[in-house]
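Below: a set of structures, written as C-alpha cells.
Here come two complexes built around chain A, the first alongside chain B, the second alongside chain C.
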Partner chain A sequence: MGKYLLRRLAINVILVALAASLAYMLAATTMNPRATYQGRQPPIPEAVIDQTLDAYNLNDKTPVLQRYATWASGVITGDFGKTWNGGSVNAEMGRRIFVSLRLLLIGTVLGFAVGVALGAVSAVRQYKLSDRLIGVSSFVIMAIPVFVLATLLAIATYNLNRGLGFTLIEYTGEYNPRLSGWDQFLNRLNHLILPTISLSLGSIAFYSRIQRNMMLDVLGQDFVRTAMAKGLRRRTALTKHALRTALIPSATYFAFAFGTMFTGAIFTEKIFAWHGMGAWLVDAINAQDVNSVAAVTFFTAICVLFAAFLSDLLVAALDPRVRVS
Partner chain B sequence: MRSKVVLRRLLKNRQARYGLAALVILVALAYIGPFFGNYEWTEKDFLSFLSPPGPDHWWGTTAIGQDMYAITLRGMQKSIVIGLLVAVISTGLAAIVGAFAGYFGGWVDRLLMSGVELLLVLPSFLIIAIVSPRLKADSSWLWFVVLLAAFSWMVTSRVVRSMTISLREREYVQAAVYMGIPRWKIIFRHIVPNMSSLLIIDATLNVSAAIIGEAALSFFGFGIQPPDVSLGTLIASGSDNASGYPWLFAFPAGLLVLLVLSVNLIGDGLRDALDPGSNS
Partner chain C sequence: MSILEVKDLTVTFPGGIQAVRGVSYEVERGEVLGIVGESGSGKSVTSLAIMGLLHRNAVVSGSVKLHGRELIGMKEDELIKVRGKSISMIFQDPLSAFTPVYTIGDQIAEAVRVHQKMNKDKAAKRAVELLDLVGIPHPDVRAKAFPHEFSGGMRQRAMIAMAIANDPDLLICDEPTTALDVTIQAQVLEVLKTAQQETGAGIVMITHDLGVIAGMADRVLVMYAGRPVEQGSVDDIYYRPRMPYTMGLLASIPRIDGEEGALVPIEGNPPSPASLPPGCPFAPRCPMKVDLCDEEEPPLVPFGGERHVACIRAQEIEHKGLTGADVFPVPMIPPSDVVRVPRAERPTVLELNDMIRHYPLMKGAVFKRRVGTVHAVDGISFDIAEGETLALVGESGCGKTTTLQQIMQLAPPQGGRVVVLGKDSAEIDSATRRALRRDVQIVFQDPMAALDPRMPVGDIIAEPLRAHGRKNVQARVAELLDLVGLAPEHAERYPQQFSGGQRQRIGIARALALEPKLVVLDEPVSALDVSIQAGVINLLEELKNTLGLSYLFVAHDLAVVRHLADRVAVMYLGKIAEIGTVENVYDHPAHPYTQALLSAIPLPDPELERSRKRILLEGDLPSPADPPSGCRFRTRCPKFARLSEAERRRCVDEEPSVARLANTVDHGAACHYAEEIEVITASDDQEEK
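Right after this comes the complex of A and B.
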C-alpha cells in the first residue's frame, strides 16, 4: 500500500509539473504583457517598460526558456512570481484559493450526496411519479449549460427580491463587508446559496442518472435478495448492501466530475461576481498575465489529481474486491 | 439488416422520436427559417434599437438594431455545424488512438495513454481560451473546431482501448493475423467496425457536448469572433441585461437548450437501440 501510494504520488507530481510547465510555455509564447504598458498616455519610454517587465520576469525580449527557468526555480521554492502589474501571485492566490475551495467543496459534496440520494430513490421507486419527475428534470437540467442556468437564477432572484421589496437572497458578490460577527457569517451563507445551486445542479443531475442505472442493476441481483431473505429490514438491505455496491461507478466519476465542476466554477464565479480562482483565470487571460495563468493551471491540476486519488480511495473502500498493488 | 432493426427500435422509442422530431424542426428553422424573415442577419435597422418582439421584428432587435430572428438563426447554424464537425473529428480520433494503443500494446500503448493522461490534466479551457482569439484569419472558426475536438476525445479513447484489448484475442482477428493482413488494416476492418455502436453513441453525445463547449467559450469571447455570431456570443451579449431586455437572452438560450436536449434524447434512444443490454 505504501509503495503504491508513493508511486502514485510521484506520477502525480510529474503530471502537475508537466501541466503547469506546458501552460506557462503556452502563455509565455502567445501572451504579450508589453501591450498593457505600450498604449498608455503619456507614453512610457521603452527602457522603462523593459526594466519593469524584467523585474516581473515577463519581458518578451528574454528568451522563453530563460524566463521559464527563472519561473520554474521560483515555483520550486514556492514563489509563483509576479502578476502583470507587479503584485505577488502568491498573495493573490492566497486571497482567492479559499473562495474557490469553499464553493467547489460545498458544490462537490452537495452534488454527490443529493445526486446519489435522488438516483437511489428514483431506482427504488422505478416508474412511479417521483422516478419520472427526477428522470425528466435531470435530463432537462443536463441540457442547460452553467452560464444559462446561472443567468436564469440571477434573473429569477432579482425579480423575486424586487417583488418582495427587500433582498431575500443575495445574487452578487461574496459577502457584505459592512457586517461583522454572526451577521457576517449569515450574510456569507446567503451569498453562497445561488452559486452553490448553479454549480451543483448539473452534477446532481449527472450523478442521479448514473446512480439510478447502477442501483437498478444491483437491485435485481442475488445478494440483495439474500440480504432481504435472511431477515434484514428492507431499509437496511437497500442502504447497506444495494446502495454501497451501486455507489462504486459514481465514485469513479468523482475525478471527472471535479474537472467539470472547476470549469463550471469559472462561469459561476464570473456571473455572481466572486473573486475566486475561476474568475482569476478569465481575468488573467484578458490581462495577458502569464504567471497568474500558470498558477491557476497548477491549482486545477492539483485539484483534479487529488479528486482522482480520492475517487480511487473511495472505490477501494467500497469494493471489497479491489486490492491495490 | 442490422441498421434496419436499429432504426425500427429507435423509432419505437418515444424519447428518441420526440428528439428526432425536435431536431428536424430546429435544423429546418436554422436553415430554412431565414428565408421567411424580414431582415438579413447582416442588416441593421437604425429606426429600432432594442425594440421588443413585434410584427416587424419577430424576435425583437439588439442594441445596434440587428434583427434577433435573423441573427439567432444564423448563430444556430454555426452552432450546429460546429457540433457536428467536432463530434466527427473527436470520435474518429478517439477510435484511432484507442484502437492503436489497445491493439499494439507495449510502448505504443504507454506513449499514447500517457499523452491522453496529460491532455486530461491540462486545462483545455485555458488552452483554447489562449489560442483561439489569436487566430485572426477568416477560417478561424475552423481552427476553433479543431481545438475543441482535440480536447474532447480522451475519455472515449480509453474506453475504445479497453474494448480493443478484448477484441484483439477474438478468433476472427487472429485469423486475419495469420492470413497476413497488415496490422493497420486489421484495425480499420475488424476492430473499429466492431465498436461502431459505441462510436455512434459517443459521436451523438459529443455533438451536444461540443455545442455547449462552443457556447461556453464564446460566452467569454474566447470562441467565435465577431462579426461572426454563434448561440454562445448571442447568449453572452444577451445575459448582460437579461432582466431588462429578456428577448436578447431568451431566444438564443432557449434554442441552445432545445438543441442540446433533442440531441441528447436521440443519443439516449440510440444507446437503447444499438445496445439493448446496457442501461447506462
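Right after this comes the complex of A and C.
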C-alpha cells in the first residue's frame, strides 16, 4: 500500500507541474500587465514601468522562458511571486483559501447529503407525487444558471429585509467587521446562509437525480428482498441495505465535487461579495495578473488530483469488492 | 395440524395480469412440499405473496394462514415478526441475494438480532455456529468474508444458515440449487436435509428440476399458467400422473439412465398470463384435447384419496393407464447414413492434441503485474469423427468454454495442436482461416443474448451468408427457417417476439446457414424449460442425422449429454479425466470424478432417489491458478481417501494421463487406480432387493 501511494504521489507531482507550467505559459504569453501601468494620468515613464515589472517578474521584454524559469524556481521554494501591484501571491492565496473553504465546505457537504436523501426518497416513491415534485424541481433548478439563481435570492432577501424593517438575513460580504466575539461568529453564520443556499441548491438537484437512478438500480435487486425476508422493516432494509450499496457510485461524484469546490463557485463568490479563490481567478484575469492566475491554476490542479485520490479511497472504503489486498 | 394453509391465493399485477390464479395447499410439520412448474407458471410469485414480499402494486387476495393466523393484509409491524422467524426463505441466486457490502457473518448475525434479544458479540458467535452447522470450513474466519469471496455453493450454504437462524417452522426454497453445479447441488441438498432435521421445519421446495423434487419431496404440486393442475403424493405424481401436462413433463426429461430414441416434446409454449386461452390453459398444447376443454377451465378436484387433478379426462387416463409416451406423439428421427461406416474409417473433423491455454493472472489497477498463471486448459486431446457428437462435460471453471473459444478462434494454440477438417490451425494463412470459418459454426447458450434485438430474424440468419459473399439470400433464409421448424414469414419479425425455444431455433438456423461440417454447441438447451428443451434436442439430433453434421457439445447437464452424444469427455481443472463412448462412461465409469458426477445427478424417479447412495465430493473446485500437484482431483477424491500411504504417494507425485482401459475399444481414464463401478445401475439392483 505504501509503495502504491508513493508511486501515485510521484505521478501526481509530475501532473501538477505540467498543468501549472502550461497555465503559466498561457497566461504569460497572452496577458499584458504593462497595460495596467500605461495610459495613466499622469503618465509613468517607461523606465519606471520596466523597473516595476522587472521587480514583479512580469516584464514582457524579458524572454518568456526566462520569466518562466524565475517563476518556476520560486514555486519550487514555495514562493508564487508577486501580484501585478506588488502584493504577495502567497499571502493572498492563504487568506482566500480559507474564505472559500468556509463558504464551500458547508455548501458541498449539505448539497450532497440533502441531494442523496431526496434522491433516495424519490426512488422509493417512484412515480408517486413526491417523486414527480422532486424531479420537476430538480430540473427547474438545474435549468437556471447559478448567477440568475443567486441574484434572485439576493433580491428576495433584500425585499424581505426591507419589508421587515431590519436585516434578518445578510446578503453581501463575509462578516460585519464592527462586531466582535460571539456576535461576530453569529454574524458570520448569518452571512453564510444565502451563498450556501445558492451553492447547495444546484448540487441538491444534481445529486438527487444521480442518487435516484442508483437507488432504482439497487431497489429491484434480490438482496433488498432478502433483507426484508429476514424480518427487517422495509425502511431499515431500504436504508441499511439498499441506500448503503447505492451510495458507492455517488461517492465518486462527491469526491470530485469536493476537490474542485475551491475554484468552482466563481459566480456565487462574486455575487455575494465573498473574496474567495473563484472570485480571485476572475479578478486576476481582469487585472492581467499572470502570477495570480498561475497560482490559482496550480492550486486547482492539486485539488483535482486530490479529488481523484479521495474518490479512490472513498470507493474502497465503501465497497469491499474493489479493495486491493 | 398443518403449519401453513394457503387457500385460493391470487396475485394480480397492474394491467389486470393474473400471475397466480387460485392456489391452495397445506404444509405440515416436517413435510416437504414440492412445487413444480416452468418459468412463468407463477410458482415464485406464489411464495413471494406468502411472505408479503411482492411489490406494492401487486394485489394479493385469498388466504394464507400460518398456525391459523391470517398473513394476507397483516400490518408491517406484525408481519416483520413472522418473516425470518416463523417463515424463512432461501433464494435462487445467492450472489445477488446477499448485500455485497456487508460480511456474511454480519448478515447472518443481523438476522439473529432482528428476532432475538442478543448482544452483538453473541450474535456474531451464533452466526459462526450456524455457518459451522451448514458445513463451511473454518467458519470463524469465513464469517468475516464478503459475499463475493464465497463460491456459489458456499454462498448457498450461508443462505441456508441465515434462513435457519431463528429456528423457523417453515422454509420456502425458491430454486435453491438451480445456479449450482451438480456435485455442489448434491452437497447443498444434503445440507438442506440436515437443516430440516435440525429445525423440524416444513419445507416448500420450488423448482423446475423434477429430479431434485423426486429426491426431496413428500408431496408435489404441479403448476401451469398460475394454477395448480395436479397435486398428490410424490409417488402418485411420478408413477401415476393423471393430468396430460404432468405426463408430458415427465416424458420430456432426458434421463441419465434412460433409453435411446427421441424425447417426447410438448408442442407449443406456455401461455402468457396476459392472454390466457379460454377453457383449460393447457388445451392448446394438449394431445388429448376435446371440444369440451375449450369451454370451461377444469377445477382442481379430488381424485381418489389425497390427490387432486384438474383435467376432465383424468378418469379416462386412470382407466386406460395411459402414460406420457402413449399420449404425446413421439417424433420420428431419421437414422444417420454416416454412422453405418465404422468410426475408424470415417474422416476426422476435429482433432485436439495436447492443447494448452494459460491466462496470465494480473494484479493492480494502475500498474498491472503478473502474479501467476491460470491453467485454464492444460493439455487436452480428443478427436471427433464425421457424423459424431462429442460432449465435453464438467463443472463450471473446468475449462470447457476456454477449449471452445480456442477452437473457434482457429488461431495457433499456446501449446499442442488444433486440427480442424485436416487443417492445422497453426499452419493456415488468413484466407484459409476465413474459408474454414464457414465449416465451423457455433450455437450459444443464452438465446436472449445471442441475437441482436434490433435486427429482424431474416437478417440475423442472412448475416453469415452475406459475410461470405452470398447474394439473393431470401430463398436460403426461408429454407433454413423451415429446417428448424419455424415458418418463412417469421423472417420479418424481431427476436423479442419469439419464445426461448424459438429463439434457440433461430440461433441454430444461423449456425447452419453456411452448411458447416462441425457445429459447436455451447450449452444449447440449458436456458430452456424442460418441455421446450426436448423439442430442441430432437431438432439437433434430426439435423445431425439428415445433414451429416458433427457436433462438439458442451454441457453440464449429463442427462442431456447421454441423450445427444456418442462420445463424452469429462473435464476436471483443465484436464480430461475420462473419455469414451457414452455407454462405457455412463455405465462403467472408471474415474472417481466421473463416478461422483454421475451419482450426484438427481433422477426423476422417487423410489430410485430414495434408495440411491451418493458419492459426495467435499469442498469446491481448487483454483486453476494453483492446481494440486500430481493428480488434480486428489484433494477431493473419495478414492484417494481410502488409499494406503504408499499408494497415495503416486497420486501426489505423478500426474496420471488418459490411459485406455483393458477390454474396451473406446474408453480411457486418467487415474492411477481406475476401477470401473456401476453408479447408476447399481441403484437399480438395490431397488430389486
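One rule holds in what follows: the second predicted complex is superposed on the first by the 313 of 325 C-alpha atoms of A that agree within 3 Å, B and C clash if a C-alpha of one lies under 4 Å from a C-alpha of the other, contacts with A are read in each partner's own complex, and residues count from 1 in each chain.
Following the convention adopted for this analysis, contacts are C-beta pairs under 8 Å (C-beta built on N, C-alpha and C of every residue); 3 or more make two chains touch, one makes a residue touch a chain.
Owing to the predicted nature of the structure, the values given are computational and were not obtained by experimental measurement.
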**Prompt:** Which term applies to chain B and chain C once both are placed on chain A by superposition, clash or fit?
**Reply:** fit
**Message:** Looking only at contacts as defined up top, I'd like to know whether chain B or chain C touches more of chain A.
**Reply:** B
**Message:** After the superposition on A, what does A:319 contact: first (chain B), second (chain C), both or neither?
**Reply:** second
**Request:** Quick one: classify A:181 as touching chain B (first), chain C (second), both or neither.
**Result:** neither
**Message:** Tell me the contact category for A:143 with respect to chain B and chain C: first, second, both or neither.
**Reply:** first
**Prompt:** Given the touch rule stated above, what does A:78 touch, chain B (first), chain C (second), both, or neither?
**Reply:** neither
**Message:** With both complexes overlaid on chain A, does A:45 touch chain B (first), chain C (second), both or neither?
**Reply:** neither
**Complete:** Rounded in steps of 10, the angle in degrees at the Cα centre of chain A between chain B and chain C is 70
**Asked** Does chain B (first) or chain C (second) touch A:7, or do both, or does neither?
**Response** second
**Request:** Could you say whether A:241 touches chain B, chain C, both of them, or neither, answering first, second, both or neither?
**Result:** second
**Message:** Let me test your reading of the model: by the given contact rule, A:225 touches which partner, first (chain B), second (chain C), both or neither?
**Reply:** second
**Request:** Superposed on chain A, how close does chain B come to chain C by Cα atoms? Whole Å, please.
**Result:** 7
**Request:** List the residues of chain A that touch chain B in one complex and chain C in the other.
**Result:** none
**Prompt:** For the complex, which residues does chain A have touching chain C?
**Reply:** 4, 7-8, 221-223, 225-234, 241, 244-245, 248, 318-321, 324
**Message:** Please output the residues of chain C touching chain A within their complex, sorted ascending.
**Reply:** 48, 51, 53, 76, 80-85, 88-89, 91, 93, 96-103, 110-111, 114-115, 146, 148, 162, 166, 364-367
**Message:** List the residues on chain A that touch chain B in their complex, please.
**Reply:** 15-16, 18-19, 22-23, 26-27, 30-31, 139-140, 142-148, 151-152, 154-155, 158-159, 210, 213-214, 216-217, 256, 259, 262-263, 266-267, 270-271, 281-282, 285, 293, 296-297, 300-301, 304-305
**Request:** Within their complex, state which residues of chain B touch chain A.
**Result:** 117-118, 120-123, 125-127, 129-131, 134, 155, 208, 212, 215-216, 219-220, 222, 235-236, 239, 242-243, 246, 249, 253, 256-257, 260-261, 264-265, 279-280
